[in-house]
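Structure record follows, encoded as structure tokens.
Chain nomenclature is as follows: A, B, C, D and E, assigned in order of appearance, with residue numbering initiated at 1 for each chain independently.
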Amino acid sequence: MGSLQLRHVDAGSCNGCEIEIASVFGPVYDAERFGTRLVASPRHADGVLVTGPVTRNMAVPLKKTVEATPQPRVVIAVGDCAHDCGVFRGGYGVVGSVNDVVPVDVSIPGCPPHPTAIIEALRGITRR
Amino acid sequence: MVIAVLLLPLAGGLVSGVVPWRRGIGWLGTVIASGVLVTGVVLAVDVVHGKPMSALGGVLRADALSAFMVIVIGVIATLATWQGVRYLGAEIAADRCTRRHAALYSVLVQAFVATMLLAVLAANLGVLWVAIEATTVVTTFLVGHRRTRSSLEASWKYIVICSVGIAMAFLGTVLVYLASLHVGHGPHPLDWTSLVAQSHQLNPGVMRLAFALIVIGYGTKVGLVPMHSWLPDAHSQAPAPVSALMSGVLLTVAFYAILRFKVIADGALGPTFPRALLVIVGLLSLLVAASLLLTQRDYKRMLAYHSVEHMGLIALGAAAGSPLAIAAVLLHILGHGLAKGVLFLASGEILLTEGTSEIERVPALLSRRPVLGGIFGFGLFALLGFPPFSLFVSELNMLRAEFQVGLGWAAAVSLVCMAVIFAAVMSHGRHLLLGPRGTDAPAMTPALVAVPLIGGLVGCAFIGVSAWPLESLLHAAARIVAP
Amino acid sequence: MSASTYTNVLGLAAAAVLLCAVVTLWRRSLGAIVRTLAVQGAALACVATVIGLHEHDVGLIVVGLLVLGAKAVVVPLLIGRVVRHDPNSRETDPLVNVPASLVAAGALTFLAFAATRSVTSLVPTTAGRLIPIGLAAMLVGFFALVTRRKAVSQIVGILLVDNGVALVAFLATAGVPLLVELGASLDVLLAVIVLRVLAIQMRSRLGSFDLDQLTELHD
Amino acid sequence: MSTISHVIGTGISSAVQVAVVAVGGPVLVGVMRKVRCRLEGRVGPPVLQPLVDIRKLFRKQRFRPDQATWIFTLAPVMLVATVVVAAAITPLVTTHPALRASSDLFVLVYLLLVGSTLLALAGLDAGTAFGGMGSSRAVTIGALAEPALLVTILALSTTAHSSNLPAIVSAILAHPESVATPQRLFALGALLIVIVAESGRLPVDNPATHLELTMVHEAMILEYAGPDLALVTVGEAMRLTLLLGIFVNLVAPWGVATSTSVSGVVVGLASVVAKVAVVGVFLAVFEVFIAKVRLFRVPELLAGAFVLALLGVVSGLVAK
Amino acid sequence: MTAGVLVVAGALLGLGGAIAGALLPKGWRVRAATALIWAACGCEAAAAIHVLAIDRPIVLRSTELLPFTGVTLVLNSLGAFFVLLVVMVAVPATLYGIGYASHGLDTRTAACVFPLFVTTLLLVPTAGSVATFMALWELMALTSLLLVLVDHSASEASRSAGTWYAVLTHVGAATILVAFLILAAHSGGQTFAAIAVHARHLASGVRALVFMLALVGFGSKAGAVPFHVWLPKAHPEAPSPVSALMSGAMVALGVYGIVLVGDDLLGGGPVWWWLVVLVLGGASALFGSLHAASSTDLKRLLAYSTTDNIGLVLLAVGAAGLYDATRHPLLAALSLVSALVLLFNHAAFKGALFLSAGSVQVATGSRDLDRLGGLLRRMPQTGALFLVAAAAISALPPLNGFIGEWLLFQSLLHGAVIGSTAADIAIPLAVAALALTAGLTVVAFVKAVGIGFLGRPRSESADEATEVPRTMRLAVGLLVAVCVVLGVAPTLIFPAVERAVKTALPGLGTRILAHGVDLQVVGLRGMLAPAALAGSLAGAVVGIMVLRRALSRQPTPRVVEAWGCGRQLQTARMQYTATSFAEPVQRVFDDVLRPVQDLDVTHVAESRYVIESVTFANTVDDAIERSLYTPVIRAVRRWGQVARRLQPGSVHRYLAYGLGALVILLVAVAVMG
């Protein structure tokens, strides 16, 4: 049995990934049955779910959020933007990809990634 | 002995009248006053258990009550004359007063003391009246001693109102005399002892009228409502030592007269009528004092109204009339004299150093003049009836006696008035005494000024804790008034 | 002196005392008021002397003469001197106007009669019956004190009160003991002197005898 | 001899009670979550998921915010400790737990108050914005629940003339006819509302919320991580279970052992687990159909509970 | 007779302390006075213990002191209990005073008055006659007033507080005096012994009047609603050792007075008296706790919480009277026991709280909670002691506050079934009041501890606070130790409490509580094993800590920055303030608290859509003061203004008064004939 509590950080996303994440935890895909849950505080979390390219405003908060997450922890970059800034690459407000700011453990490609892809990745982490 | 008591201030007056005023002469007054105190004590020791002493062919007579009053006069006079030296010195230094005036002042003060002594030592009620009227005449000049417009106003009101009042008292005395004539008077007409002896036979109708006139008449000098109105003006304008003497003893000497008449009236009328009358004036006094203290803006007037209150309390105590009540009344007379004397003397010192008697303009005394402020504060506490000061004991026992004789309702009303007065005095005292010091360093009060004041307060506290030297005298005196 | 003469003279003199008191309420000129006072003093002296004669009381006769000297001569003179400083001074506007004052005087006289019933019943003599007049005179004097604005009028008012009381004393008890009488007279005399001094001071300081100016000391 | 065996017996029963509450608590939470998910049309996490979460949390890092003090560290321990003591002395399985003397409803209420008070202090300890908010709301709700709670206790204890829980339970067992008196029904209704409020369930508080501004209990524990968080989670779950356990034994005490015999304890254990499960499922079903009320409508709810409790007392008086 | 010597010696030593304080030089006076006060406390405590041990009163008389009446001292078991209570607060408070002295207590006046105050506190319960009682009572008022005014030159609040206190306490004393004098007038003597003999046979109306007057008078000293208004003014302004004594001991003497008059002198009364007491108690408890929950000034909060605790005590006293009136002596005794235990406990923790509040004030210069914070890290011992005392006052087990409330609850619980209509209505409401009060007290003290001592410092002075001198901590520690010991082993004081209760409610033959480690109410089904409870709680805590250490991989936590939702800067201003903490309570109870809120928005000149600044002020002043006292004060002032017209300065007017009086008198005489 696995247990994975996640704190979601929107580092500058277009909200496409957010919609997919929402459906991941909705009745249809129901990731909770695999022991995954979104939580309110990074202190409660085992992983940080990051979406979007990291904008200037969100770089420090993102770092702080990851630091606030107790070890052992994972950082999951959701979507292309998180992976390599996607269409926002080079934008004036963009610092870089998530990996440029915090070390990423799992990357989920897609723009936006399909809920099943996200669930698959999460199950990969919990090995369930 | 009795004559010696009287002669002392007369001699003192003579000396200070002949020799131009000097500081040493000023101290003579204090010596004389303390002499009066000492002779009063000696007198008291003599009469407390023995028979009354007579002198001058029965014109003068000293019993325990008289001796007690002599002591009261002596004590307050000592304090007042002590402070008088400083007052006159300051007035002369400020060029408000010549040495001749100072000498006049000394003469008048001695005469004032002498007339009060005569009043309490008189065996004859007529002489008593003469003496009290004489105090009016003497003190009018003393009230006006500053010779300002307002002191003139005060003296005018004082003498006019008191003359009228005292005339009513005279009428009352005449009526008592009339009543006694019809019983057949003895060798000494208007002699108090014989009047008391025959009081049961006196015509009640006449005595009722007479006692009513006596209460209003002497009540004027006591400062009882409705004839109290001179009191705040005179007390606030008179020089502090004179205010102290007037408020501390003159009022109670006049009350002493009422007490003497009350014995006769009780005999003739039974206790109901005198009691009702005294309760009415007592409560009215308390009510008026409470109402007028609320928005008082002048600390000397505040003290004056406070005297009205205490006279009201004393009247209520006398109305109760039991031996306990009278003993408490007498202790109250002494305690009030001491506390009020000290406060007036302290207020004189405040006026001297601050130049105004408005409460608003004399803030934070306790911070700026710690000793003087402390004396004033503790004096106020004494007057408000806090232990260990004797006013606590006397008020407690007066109230107790009132409850015992069924005057509990009046005592309760008086307590309400006292509570209002307490609140008023507290808030005035707060402005006067408390607050930030400001930039100046705290000013010291000369030891010569502070010593008698502190002494007075300590004395007041002492007799409140233990009145053993006085207690037998008080009881003896109370038995005279309430057999 | 025959009984009826005694009664008549005594009655007349006593009535004169009261009448004079009422007249002071009536008159406006201060000079006239002082003169009325002198007349009243004389009437009072008359009462004392008449009673003295009737009772064969030498002391009382002496007292009567003293009263004559003091109250009919010396005191009016003393006050008169004050008035002379300011001859135009008149009691122009008393607090209660003259007609009302007179009515009040009448009422006070009735009150005096009512209140002294017990006294008159105790002294059923000729003199005794007249006691209410003394009280009435005193009350009228008191009324004058309350309603008259001038310092001199108030001095006179005090003396009216005093004369009223003295009248009662003479009528009721044929005078108080001599010592008391002397002391009392001396006191009154001194009081008048003091009042006079004060009145003169007042005039020199305030420019008039007007008592309305004396309202600086109040709450 | 008998005293020693009695002491051992009570000790063992208490240990059983603590164990069942400690293990059963998270399971109950899992069950309730499962029921909710099923009714919402989802599969939901496994029933034992909370236990898994807790095991995982113990393996994680411990944090202490730089401004926080020893209170932050103590609070979770105290929370669990008070529930453990409460569970040990309450007649869940048997009416003869250890420390039966102190097994007083009043004691229990205040014992649980110790834990929640410390947790409220811990919320303020880190010096963050939301911790204080949560503490403020939690203590306010606690204060408002208190009158209903104590009057309920009053209503429940009048029949037994005691607030001692074993005494109350025994009294009901001895007088089965008094089970369904109006007095008890009103009081138990009030008690249920108070239990919901005290354990932070809907409609007073939503334990699953992510929005800090709507949080009550969650806001206080935002700073806890790892083992401390595990303790808080366990403590909360135990608390809910304990309260429901008391509730069911007050409603229908049948099955509870009146001795410390092994068979009695086993039966008692089974019955209390079953009863709590039923009530838990009932609560979960109920929660599906309601939403969280606004914070300032919570007082209305608690006032309602208070009135119910008072009605209980009054109807008790009427019946007398 | 030796015990009598002890009482006198105690009084003399106290006086000696005052004299030493007045005469010795600055470096010496506080220490010398304190030493003498301790000696006095020792003597009085010894006398009290002696009395409790032999259960016979000490009687002392002196006719030399106090003219006309003499002094009568009677130390019975009830008084002895209160003497012990005073000693328990006085010793730590004076010890604390040594370290605190430089904050206004080392002036000649203060050093003289403080020992006097303590002495009067010690002696009031020994007063055996009306005169003695009133003298000591008024001396106590005077000395405490002077101590409240110590800071008068710096603080307007202190001056205002002094006036309020003086006036209310005087009114209270006057009503007490009337009550006593009515009794004394009817019993021919003024000793309590004489009064107690006669007071039972008075007319019921008189008895009721006496009781109500005494209730008002003593209630005002005890700080019961609606006479409490001086408390939140005077207690914060007094120096902390004085606040501790006033709040812990002096207020308790108000309750002593109610018990003295109601039970000892009048011998109990009808049900409705005690319902009045119950209502007063419930109102005080609720009003006090509500204001405590919404206060932002630490000492004001403590003062209101005193009103709240006294309310609970009055609930117990009222219940005791109620049971006594309905002839349930055992329940009555139990209620009175709970009252005394509550009082004793209150003295301990409130003393500790006021003293530590004083330490906070010394260390930071402020007692405004919104300017404090983070003090537990900076003043670890003071903070921990405050925390324990706060837990005690919140009635958390295993501390003493819990024991008191448990006893009260037990007495109410058993009272609910006695079948008296009055009790039927009163008891559930009393329980509700007790419960809500307990809950609000938790709110108040979570706020006090959480805002004042935890989190980030809200001001520079709080940031720079350092621990106070050792004597001050030791003093607080003593009181906190009492809280802990009496929480774990409350039976320690029960012999004394029982003797005291039996003095107040004579005729109770049986024991009230079984002594031993556990508490057992004799004849009723209520028990508690506080020591075992405390032990098992401690065991559980240790066990779980060990378990946590064993289970987790990392034994000590890593210190990190607090999680601030990713914000870059965490400041103290982001924390909840005392005001915001209290906001939910305030909003729920706004009908009672009636907060005044001021929102002031300033717009920039260019546009009304752009805000330059927003000022928000939320003040909760005392609704009772506003609606009960302010109108009275205003009316009295207006009356004073009107009355000034009596003295317009016109001599004619003055003479007219005389003429009018004379005419009235003459008319009266004429009518009488």
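Assume a contact is a pair of C-beta atoms (placed from the backbone, for glycine too) under 8 Å apart; a residue touches a chain by one contact, two chains touch by 3 or more.
Keep in mind that this is a model prediction, so the values were computed, not measured.
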- Message: Can you give me the shortest step count from subunit A to subunit C, moving only between touching chains?
- Response: 2
- Task: Kindly work out which chain lies most centrally, taking the average of its C-alpha atoms as its position.
- Result: E
- Query: More C-beta pairs touching across which pair, B-C or D-E?
  - Reply: D-E
- In terms of CA centroids, furthest away from subunit A sits chain C
- Query: Where the centres are mean C-alpha positions, what is the separation of subunit B from subunit D, in Å?
  - Reply: 77
- Query: How many angstrom between the C-alpha centroids of subunit E and subunit B?
  - Reply: 42
- Message: As a quick test, compute the distance in whole Å between the mean CA positions of subunit A and subunit E.
- Response: 58
- Message: Can you work out the whole-Å distance between the CA centroids of subunit C and subunit D?
- Response: 99
- Message: If a residue has to touch 2 or more other chains to count, which residues of subunit B qualify?
- Response: 156-157, 160, 164, 168, 205, 208-209, 232-233, 292, 295
- Overlap residues in subunit E, where contacts from two or more other chains coincide: 560-561, 563-565, 644, 646-647, 649, 651, 655, 658, 662, 666, 669, 673
- Message: Quick check: what residues of subunit D touch more than one other chain, meaning two or more?
- Response: 59-63, 212, 222-223, 226
- Item | Touching chain combinations (by label order) | A-D, A-E, B-C, B-E, C-E, D-E
- Note on the structure: Within the complex, subunit D is touched by subunit A residues 1-3, 5, 27, 30, 32-35, 37-41, 43-44, 46, 68, 70-72
- Message: With touch defined as at the start, can you tell me which subunit C residues reach subunit E in the complex?
- Response: 95, 108, 111-112, 114-115, 117-118, 139, 142-143, 145-147, 149, 154, 211-212, 214-219
- Task: Flag every residue of subunit B that touches subunit E in the complex, lowest number first.
- Result: 156-157, 160-161, 164-165, 168, 205, 208-209, 212-213, 216, 220, 225-227, 229-230, 232-233, 288, 291-295, 324, 327-328, 331, 364, 366-367, 374, 381, 384-388, 390, 392-394, 396-397, 399-400, 403-404, 408, 411-412, 415-416, 418-420, 422-424, 426-427, 430, 434-437, 463-468, 470-471, 474
- Which subunit E residues qualify as touching subunit B in the complex? 64-69, 109, 130-131, 134-136, 138-139, 141-142, 149, 152-154, 159, 162-163, 166-167, 170-171, 174, 177-178, 181-182, 184-185, 190, 636-637, 639-641, 643-644, 646-647, 649, 651, 653-655, 657-658, 660-662, 665-666, 668-669, 672-673
- Note on the structure: Contacts from subunit D onto subunit E in the complex sit at residues 58-69, 71, 73-74, 76-78, 80-82, 84-85, 88-89, 98-99, 101-102, 104, 106-107, 110-111, 113-114, 117, 120-121, 123-133, 135-137, 139-140, 142-151, 153-154, 157-158, 160-164, 167, 212, 222-223, 226-228, 231, 295-296, 299, 306, 310, 313-314, 317, 320
